[in-house]
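Okay, so chain A shows up in both of these, paired with chain B first and chain C after.
Right, the complex of A and B next:
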C-alpha cells in the first residue's frame, strides 16, 4: 500500500489525470470568459480536449536542421516538470502529497522549466520565427521570474517557512491580499507573463512571428506543450490563491478562489493591447521588481521590529 | 583558426502567407536583433489583369467588373468609372442620383474605416477593440444590405444614375444606425486617444512629416494624418459633394496615433454628412438614358476612396468597348511610405506600420515584365495574359 500511494498521487491525484483534466477545464473557462468579454460566443466545453486529441492523432513532423532527440524530448520534460510541480501544491484544497523544507523553491523552479523548455525548443529549430520567439520567450522569462519569486517570498517570510504546506496553513488564518496587496498584484501579473497570456504574449505574437518558439511543432509535441501550459495555469492559480486568498481548505474553496482569480486574469487579458518585448522588460524591471522589493523590505523591517 | 564570420543579414520574411496579412504580399524585414534596418516589398500575388479585361468588354459589363477591383471600396470604383463615362458621353445625371451616390460612398467609408480600426487593433494585439468594432460594423453592413440587397458589392451605380431609391423607412433605419454608431465611435475615440497600453504601440510609431508625406506621394487618411491638406471631396468636388460638402479632417503628428484620430474623426464627419443628405434629399429621377456607344475621347476621373485619391483614365474609341482604362488605386501610392518609415522601428511594430496605411493588396497588384533592352516590347492580348496566368501557376 505504501508503494502504491506515490504512484497514485503522481498518476491520478493530485498529479496526472486530475491536473490534466482540470487544466483543460480551466483553459476552456479562460477562453470562454475572454470570448464573452470580447462579445464573442467562445468555444464549446469540450474544445480544449478535442484540440488535444486531434493534435495527438496527427503526424509529428520533425523539421530539417534540428537535433532530433532534443526536439522530441523538450515537450516531455516540460510536461513532466509541470506535473511534478502539482505534487507540492495544495491541489483542490487538499494538503500537498509531498512536502519538505524549501519545496517552494523547487516548485517555482519546476514551473519555470516549462518556459525554459519552450525557449530551448524554439532555439533548437532553424526557423526564423522560432528563433525570434525563443529569444523573446527567454527574455520574458528573465524579466518576470525574479519579481514573481519575490512576490511568493512575501508570504513565506511572514509565515517564517519556505514550505508550501506550512505557508498555506499560515495563510489560512490571514488574508495576505490585505496585508501584501503589492505582492498579490505582482504575483498575478507574473503568472500571466509566465503563461504568455495577453498583454504579455509578445513571444507568440501571431501577427509578427506566427506562433513564436513553437512554430515548428505539430502533433504530439505541440499537444504536450499545450497540456503543460494548462497544467501550469491550474498550479499557478492554486499557488497564488493558497498564498494570498486565505488558503485552500476544501474543494469548494479551491473552486471559488481559483475561479475568481481566473476571472480577474481573463479580464486583464481583454483589457490591454499587446506589449512589445522591450516594454515588457521595462515594466518588470522598472516597476514590478522594485515594487516587489519594496514590499519585501517592508516585511523584513516589520519582522525585525517584531510586529 | 577561427575565422571572423561575416555579419550575416537576418531576414524575417512576412508573407505571402502569414497570420498578419489578410491578403497575399511578401515583405522582407532585415533585422538587427529586434530593430528593423530595411524593408523590401514584393507585391503581385493576386494580379487579375482587370485593366486588360476591361478592354474586352462593353461599358456596361465593365461597370460590374471594375466594382470588383476592391472588396472593401467597391462602390467608389464604380462611381469613378461611371462619372468618367458620363463625362465622355456628355450626360448630366439627376441630382437625386448624385446624392444617393454620395450617401452610399459615405456609408462605405464608415464600413471601411471601422474595418480598418479593427484590423489595426488586431495587429497591435488588442483583440477586444477588434471584436467590438467589427460587431458595430455589422450595423452599416446591414444598412447597405437593406438599401441594395448586398453587403459588399452593392452595385448602386448604373451608367447614367443609380439603381435604387431611398424611401422614408430606409432613411429612418439609416438615421438610427448612425445614432448608434456615433455613440460607439465616441467610445472608440476615447480608447485610441487614452488607452495607455495602446498608445505605447501607436504614439511616435511610423512618424511621417508633412514634407515626407508629400515627397512619398501618400494619399488619403495616411497623408492627412501628417497634416497634408488633401481631400478630393473638398478640392475637386464630384457627385453631390458641392451640395453636401464635408469638412477636411487632418492631424499634425503623422504617427500611427494621428492616423487613428483621423480615421475616427472622419467617421464622425461621415455620420454628419449622411444625416444632412437624408434631411435634404433632392427629389426627382434617379436615372437617365445612356447611349450604348460612347463618343471618341479621353478623360480622367478622380474620387476620394476611403483610402485616398482613386484615379481613373478612360479612353474611348467610339465603339461600345473602351480603348483603355487605367486605374491608380490609393494603396499603390501609399506603399512607399512603409519602406520609408519602417527602418529603425522594432519588429513588433511592423504589422502596425504595414496596416497603418490601410493597404488593399489586390488593388495594388500590377504586372511588370522587365525585358532585356535588346528585346522588342510586345503588346499582350487578353488571351496571352490569360494563358500566361495559367502557365505561371501550373
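Right, the complex of A and C next:
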C-alpha cells in the first residue's frame, strides 16, 4: 500500500486528474468573470475542456528550423513540473501529500519551470515573433520572480520554517493579510505576472507579436502548455490563500478563499490595460521588490526584538 | 473522409473529437485585398455586443492556433502567395469562411488586371457569407452554419 500511495497522489488526488479538472474549472470561472465585467455573456461552462480536447485532436506541426525533440519535450516538462508542484501545497484544504524542510523553495522553482519552458520553447523556434515573445517571457520571469519569492518569505519568516505545511498551519491561526498587507499585494500581483494575465501580458501580446513564445505551437504542445498554466493558476491561488488568508483547513474554505482571490484577479485583469515590458520590469524592481524587502526588514527587526 | 470506423470505442472517440471541434472554433482573420468594409464588420462581430465567446469562437493571431480562416476581399495577385502560405500553415482540420461579395466572386473588383477572383479560386472554401458588407449577425450565422455542417446528421445529406 505504501508503494501505491505516491503513485496515487501523483496521478489522482492532489496532483494529476484533480489539478487538471480544477484548473479547467478555474480557467472557466476566470474567463466568465472577466466576460461579465466587460458586460458580455461569456463562455459556456465546458469551454476550456472543449478547447483542450480540440487542441489535442489537432495536427501538430513541427516547423522547420527547430530542434525536434526539444520542441516536443518542452510542453511535457512544463506540465510535469506544474503537476509536481501540486504535491507540496495544501490542495483542497487537505495537508500536502509530500513535505520536507525547505519545500517552499522547491515549489516556487517548480512553478517557474513552466515559464522557463515557455521561454525556451519560443527561443527554440526560428520564428521572429516567438523569439521576441521568448525574450519578453524570460525578462518578465527575472522581474517578478524575486518579489514573488520575497512576498512568500514573509510568512515563512514569521512562522520560523520553510516548510509549506508548517507555514500553512501557522497561518491558520493568524490572518497574515492583516499583518503583512504589502506582502499579500506583491504576492497576488506576482501571481498575475507569473500567469501572464492582462496587465502583464506583454509576452503574449496578440496585437504586437501574434502569440508570443507559443506562436509556432499547435495541437498537443499548445494544449499541454494551456493545461500547465491552468494548473499553475490553481496552485498559485492555493499557495497565496494558504499563506495570507488564514490557511485552508477544509474543502469549503479552499473553495471560498481561492474563489475570492480569483474574483480579485479577474477584477484587476479587466481594470488595467497592458503594460509595456520595460514598465513591467520597472514596476517590479522599483516598487515591488523594494516594498517586499522593506516589509521583510521590518519583520526581521521585529522578530529580532522578540515580538 | 470515407474511413470506416470498426470499433465502438473509435466511434466514441470520434464523437468526442467532433464535439470539441464544434464547440471551440478559433478563428484567424485574413484580408486578401478587401476595401476594409468587411474587416470593420468582423471587428464589430468580436466586440462585447455580439460576444462570440458564447460559441467558443476566439480570434487568434497565429495561424498555427486557428481552425477557421475568415477571409475578406478578392484575391489580388500580390496577396495570393500569402493567402496560400497562411492556409498551409494552419494545422488540420481547417475550414475557410469567405465573407463578403468580393471574397465570393471578386465583386466590384472582378475582372481587374490585378485580381485573381474570389477566395475559392485559390484555396478551398467551406462557407460563403454574402453581403457588401455582411452584417455581424450574418457573419455569426455563417460560422454557426459551418459548425452545424460538421455534425454527422447534416453530413449524410
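Heads up, the rule we're going with is that the second predicted complex is superposed on the first by the 307 of 307 C-alpha atoms of A that agree within 3 Å, B and C clash if a C-alpha of one lies under 4 Å from a C-alpha of the other, contacts with A are read in each partner's own complex, and residues count from 1 in each chain.
Quick note on the criterion: a contact is a pair of C-beta atoms (placed from the backbone, for glycine too) under 8 Å apart; a residue touches a chain by one contact, two chains touch by 3 or more.
In this text the structure is predicted, and so the values were computed from the model without any measurement.
S.K.: Since both structures carry chain A, what do chain B and chain C do when superposed there: clash or fit?
M.R.: Clash.
S.K.: On chain A, which partner's contacts cover more residues, chain B's or chain C's?
M.R.: Chain A has more residues touched by C than by the other partner.
S.K.: Is A:47 touching anything from chain B or chain C once the two structures are fitted on A? First, second, both or neither.
M.R.: Only chain C; A:47 stays clear of chain B.
S.K.: Now for A:230: first (chain B), second (chain C), both, or neither, which partner does it touch?
M.R.: Neither chain B nor chain C is touched by A:230.
S.K.: Report for A:58: first if it touches chain B alone, second if chain C alone, otherwise both or neither.
M.R.: Only chain C is touched by A:58; chain B is not.
S.K.: Can A:216 be said to touch chain B (first), chain C (second), both, or neither?
M.R.: The answer is second: A:216 touches chain C but not chain B.
S.K.: Considering only touches as defined above, state whether A:274 meets chain B (first), chain C (second), both or neither.
M.R.: A:274 sits against chain B, while chain C stays out of touch.
S.K.: Thinking of the overlay built on chain A, is A:30 touched by chain B (first), by chain C (second), by both, or by neither?
M.R.: Neither partner.
S.K.: With the two structures laid over each other on chain A, which partner does A:196 touch: chain B (first), chain C (second), both, or neither?
M.R.: A:196 contacts neither chain B nor chain C.
S.K.: Do chain B and chain C touch any of the same residues on chain A, and if so, which?
M.R.: Looking at chain A, the two contact sets intersect at 38-40, 129, 206-207, 210.
S.K.: Which residues, counting only chain C, touch chain A once they are in their complex?
M.R.: Listed in rising order, the residues are 16-17, 19-21, 23-24, 48, 51, 53-54, 56, 60-62, 64-65, 67, 89, 91-93.
S.K.: Can you tell me which positions in chain B touch chain A when the two form their complex?
M.R.: Result: residues 10-13, 18-20, 31, 34, 121-129, 131-132, 135, 195, 197-198, 200-201, 346-351 of chain B touch chain A.
S.K.: Please name which positions on chain A make contact with chain B in the complex.
M.R.: 37-40, 128-129, 132, 198-199, 201-202, 205-210, 270-279
S.K.: Provide the residue numbers of chain A that touch chain C in the complex, in ascending order.
M.R.: Answer in residue numbers: 31, 35, 38-44, 46-47, 49-54, 57-61, 129, 206-207, 210-211, 214-219, 222.
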